[in-house]
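Letters A, B and C name the chains as they come in the text, with residue numbers starting at 1 for each one.
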């Protein structure tokens, strides 16, 4: 049975991986066949595709990170995720559905800090061989504006 | 006995209800006879009434939501709550007192996002028939300014 | 064995002590011989000393608070900490190492509120006679700019 603390611990590791810049370790939080999307509140409500970020396998997530490394944007800015407590919608011994609120600050290399993204994760977790992984994470941004500026993963 | 995780789970559901716009479900987090107030740090410290928001029953909370629906402000902006871990001051099998820090971002329909409110909840929880409810929630805003712009519940 | 909930509860009390202005109680969260530093991401990455805040004993922390009281800056502004879930790096019955993301808002006496600091705590906890204390807390700010404006403890 998946409990709240294990989801909290998972999310803490997930956020720290991104915010510390260890992006090559980020795809390992997902199942091989997975769904990762970034969209915004309006598009998600209306059932529209977002076009911002879309990947349906861990390999695509790895490609995305490789492309980011080539684009060499890592010195330009960093993110700081602050995640809330997950709201578990269903959970059993095989998986869980949960939604988790998030705030992400963006820190430019000049030091300028701003509240960049707010929103929530809509998640489907799978527990396989004792290991918790994301089969699906949809990051729904509250704003319809800032999402187009996204470079690093949410 | 009320534990930290049950308060965390309660708060996660509370915040998600407001931020998803399902405001009609918000009063159900309170006991029938309850206290809900929004005030600011200075007034609370000096024992002054705040005049911002005050309700002493679930029925009053329902009236407030109905009034908000009629005023039709829901398209204008949304909130995103990020709540900290509660600090439990006392807890037994019947209830608990706790305080929980909060940050609330406001997202305008233009997409503009700002850190709108910071503060803390001063809470008294009651556990009745296995169900946790708020007998009292005082939202104490750190700023003496932004609180007058509040429309949605904190 | 130190678990995630006990670290969460510790951090909730720590943050509330600072944000409520009860700064004289802040040094009691540390062991007598301890390390408390505030630095920024770049200096920490490069192994450079930060020069912002440095203390290697609880007595030095007490001195710092006394100096702040004399400087009488407490009416000028307040902080609101929002801390994430700790990422435990190691834990046994004697202590734990963890890192915890943080966002700190600064609220000026005019009411102006801003996202002031983001970063993470790098912590070493000790469990002595059933009491959890910080043997080391390094607050690493993401920005290289705002840290020089710090007055209150992080």
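Following the convention adopted for this analysis, a residue touches a chain if its C-beta (ideal position, glycine included) is under 8 Å from a C-beta of that chain, and two chains touch if they have at least 3 such contacts.
These numbers come from a predicted model, not from an experiment.
The touch graph of these protein chains is complete, with an edge between every pair of chains. Interface of chain A with chain C: the two copies contact each other largely through different residue positions, with under half of all numbers used appearing on both sides. Centres computed as Cα averages put chain A at a distance of 27 Å from chain C.
Contact with two or more other chains is made by residues 5, 82, 103, 115 of chain C. Residue ranges of chain A in contact with chain C, taken from their complex: 5, 8-9, 11-13, 15-16, 19, 78, 80-83, 103, 105, 107, 110-115. Residue ranges on chain B touching chain C, taken from their complex, read 4-5, 41, 82, 84-88, 99, 101-103, 115, 117-120, 142-146.
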